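Below, each structure is written out as structure tokens.
Both complexes below contain chain A, partnered by chain B and then by chain C.
Our next item is the complex of A and B:
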């Protein structure tokens, strides 16, 4: 994997929160590197600090100890080369599909016309054309998540962060969207080079990722990194696939 | 109301005491002699009087909204600030601030002439009846933004103005609309009360609808009284139709319920109202207002948010600096208020006790008895009525809408007429006070109990039939437990309303005639308007607020938690 350039690194990162019961350590001593052209999945039990880690990578949360750097430069705030997709979509109900996507572009120094053009382009890309004026409440779960993807893509980031993006979708929709996301990641016309995805489903991680980071809780730490050198598209029924799923499953339990 | 109490797990009592002390320290009596008696013959038309009243309401409401947005956002964005703001607002809304009207006049008179000071005091008092529930509305609205949405917007690296405009304000909008109508109802109540106090004991003209109606009762000019009542009613209905309904329909767009639309009819109805709002000229002031707010925010965004650099949030000095400034202002304000109020309290305590101070205990006991009596009177007709309606659902909707219309008329509009008539026919002021308290309390109870009764599922009703319960058994074993949480909530708000009503009810002056009973409200009014004894007012206010807050915290809130826990319907 190291033939690609390092894009993001997490060094000795720890994060604690003050609670009534005292100091709660969410993450301790995390060291991770992420590379260009890489799809990484993070798995682990609930409460092991996966989402906290993602917030630190994105720069929304300042680590208590250690540092994160993007292309060799230490991160001092929100990383504008990252965008996020959420399990529960995170859409604003009072904005139309188009407006939701445009909102993400607000801080990007674009004219209104440019923003609108960009938003329209990515609406088309995720197959939502014709729904520009619709409101989130009028859309199915799968379509809402497409809006979430379009919003993330429209920023044209180098890194795409996803927090359980398929968990609240029905299985069939999830299968289709997974394929589309892999296509988008592989699309040479898009800037996205690295994808980091949190998931609960080990099969999903093995199906999509080049590398699976296994985490455990109290306090959150990395147990092991498992490389998945299988050819895509991957066959969920193959022996190798089963082998990797089994290996990760044992690491978690 | 419930969820907020649960959030406040702090040393409320010390905060309550500080606040009570602060309020008492504020208490002053205006110098009665300086008032100029300006008895305009009612030359002005009714329309212009309504206009005066409406302007006061509008002014107060704008202040209340700005106040609520400021403190709601401040509280919602920092748990430390919330720990101070929420309990203070909670106490302020449970205290009869009407008793502070003379104090407010005193302080505002210092700012300008008697006329301006009085006007500002009225607006301020109306403000105090509108602001508190709006603060909670803004706080709740922001706190209930789903986590993913909050994070998504966070990761977009918006500047502070953009974040307020595009996330906080829209998220709080539905709750603000829900509460705005309530705030206006409270405002009308206080407006009428202020005009009555100004015209009665203060002998000072505040042009407005309340004054017109008060004068009409004074002169037994019933035609003018009915005209005034009709005008008030018309304004309230018109506001409901042209402002609250369209805004309510608009607010449904801003709610975070992504779930399936369960009530087809209601959403269709709001579609109708929405299209009316979008297309009819009569709603164009609302559009115009919306557009100007939008324009202001765009300008603000352009000038402020450019300085915001999301990539440096961890280290950026400017924003830390701004944040520090806000904190410094906030905490200095609180600290200086504390120091000042303790000095004032010290002064009050070191001057010799007024003789009448001894009677305060008895006075507050009498007043409490009146509130309790009125509460029992209210229950005695509302509980049977609600039970009766509960068993005849066909009347329920009709009864609800009728009650809503009746309740929209501020009870204080009737106070003069109640005082005059009950004295004329029964020769007792005590009855008048009881009736006034009932009119000030009944609707809170009625609406809460109806709401509780409506939540009784058909399964429970069927159970009653299946077990062949008698009416009394059903009432005792099913109806009463089912409405218990709503009954407690209704009781708390009703008793709060009762104390406010008491302030005016115990001491009403119409023409040369004084309708007065012995109680804490009367003592406050008397020492303010007649003896001008500042120390006694301070003692009385302190004592009253202290007793009410203590009863709230030690009786009502535990009772609410208990009822909520024991009788909650969902699993």
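Our next item is the complex of A and C:
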């Protein structure tokens, strides 16, 4: 069915949380496969469990039922082949751009020199050259998110996870960074093969993804998967583009 | 525009737009086939007209767009800017920064210093004298943002010096 190798799978995953009001079921019976060289978007209303699912995928959160596996092996803890980009950048304000990026590498058993070299390489890739000594407070939202990307890329993971990465940016900056992330994902010199992005913006999902997973809440479940076979770069003004936006919109409402 | 480099020439202030936004604007104009009315961009993108005009002004200052009448038109260098890879982008931006008077003045000022560097306060005073009608802090901020992007200027908050980026 799919010409690419399966990289990650989520099997019968459910997750519940204990609250004062009782047991809250965030996710129920989730079955998903992710493949090499694909860009997947997950859309759905707030509260449908998208972020919980992403945390389960990278192993920060254990599922209550079911399991996740990476290249056929069941995952027990954090998946070191995943790195995460956050909506609000997740930068430490007292560290410079360079230090923020190096920090992500601390856990990876690299010498200082190796870490510096890797950080410098990814600073270059995301266009942050010249900003190494800047502090987050000196940067615009777009530049802060470039730091977020560089930090995630520097770990050289196979899977890049992004939780609403463009939603705290102004519209023009978001357009620019979407293009740049697609360029990075398509760069054959980078190890990243699969991108999984959460978004609530349907147009963003259709613009970027090969496949859009549509979720709904109470409890969180997958409604449908929609393949987007449009060639890139995609014309946001085209009829086909509109068609897919319309189809997903109907599934959500 | 007149490209006379005499020092008496009036210095243009920098519009407070970021480079990422400016590149995003070029993408949008490109989506429209390289040409669009500025007012229809504002409604399409759902952004404030003021903020769009600031970005348009920056893109024009870089020579990435022309703005005859109400149109915004991508220039060949603007088109190149969105199609090329990151290091060429930075190189193109640096070439455009060199043509902007305020950057030329700052470069001159830095080169006249013994260690080719200036404190933020000293540079603010200079900017105020060159652009008495502008808020010097805002000009400084844009100067550093653009200067860092094009690797023209560096600024370290730790030791509070602005310097020329020698690559």
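Here, the second predicted complex is superposed on the first by the 252 of 253 C-alpha atoms of A that agree within 3 Å, B and C clash if a C-alpha of one lies under 4 Å from a C-alpha of the other, contacts with A are read in each partner's own complex, and residues count from 1 in each chain.
Keep this in mind: a residue touches a chain if its C-beta (ideal position, glycine included) is under 8 Å from a C-beta of that chain, and two chains touch if they have at least 3 such contacts.
Nothing here was measured: the structure is a model prediction, and the numbers come from that model.
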Q. Putting chain B and chain C onto chain A via the overlay, clash or fit?
A. fit
Q: Please work out whether A:103 is in contact with chain B alone, chain C alone, both, or neither, and reply first, second, both or neither.
A: first
Q) Counting only touches as set out at the top, which of chain B and chain C does A:135 meet: first, second, both, neither? A) both
Q) Regarding the shared-chain residue A:237, is it in contact with chain B (first), chain C (second), both, or neither? A) second
Q) What is the contact status of A:79 with respect to chain B (first) and chain C (second): first, second, both, or neither? A) first
Q. Which partner does A:170 contact after superposing on A: first (chain B), second (chain C), both, neither?
A. second
(Q) After superposing the two complexes on chain A, what is the shortest C-alpha distance between chain B and chain C, in Å? (A) 8
Q) Is there a shared patch on chain A that both chain B and chain C touch, and which residues make it up? A) 135
Q: Spell out the part of chain B that touches chain A in their complex, as residue ranges.
A: 146-159, 162, 166-167, 170, 173, 253-258, 261, 309-316
Q) Where on chain C is chain A touching in the complex? A) 18-25, 27-28, 31-32, 45-47, 51, 55, 82, 85-87, 89-90, 144-145, 147-151, 154-158, 165
Q. Residues of chain A touching chain C in their complex?
A. 124-127, 129-131, 133-135, 138, 140, 142-143, 146, 169-177, 179, 183, 235-237
Q | Residues of chain A defined as touching chain B within the complex | A | 55, 58-60, 62, 75-80, 82-84, 86-94, 103-104, 106-107, 135-137, 144, 148, 151, 163
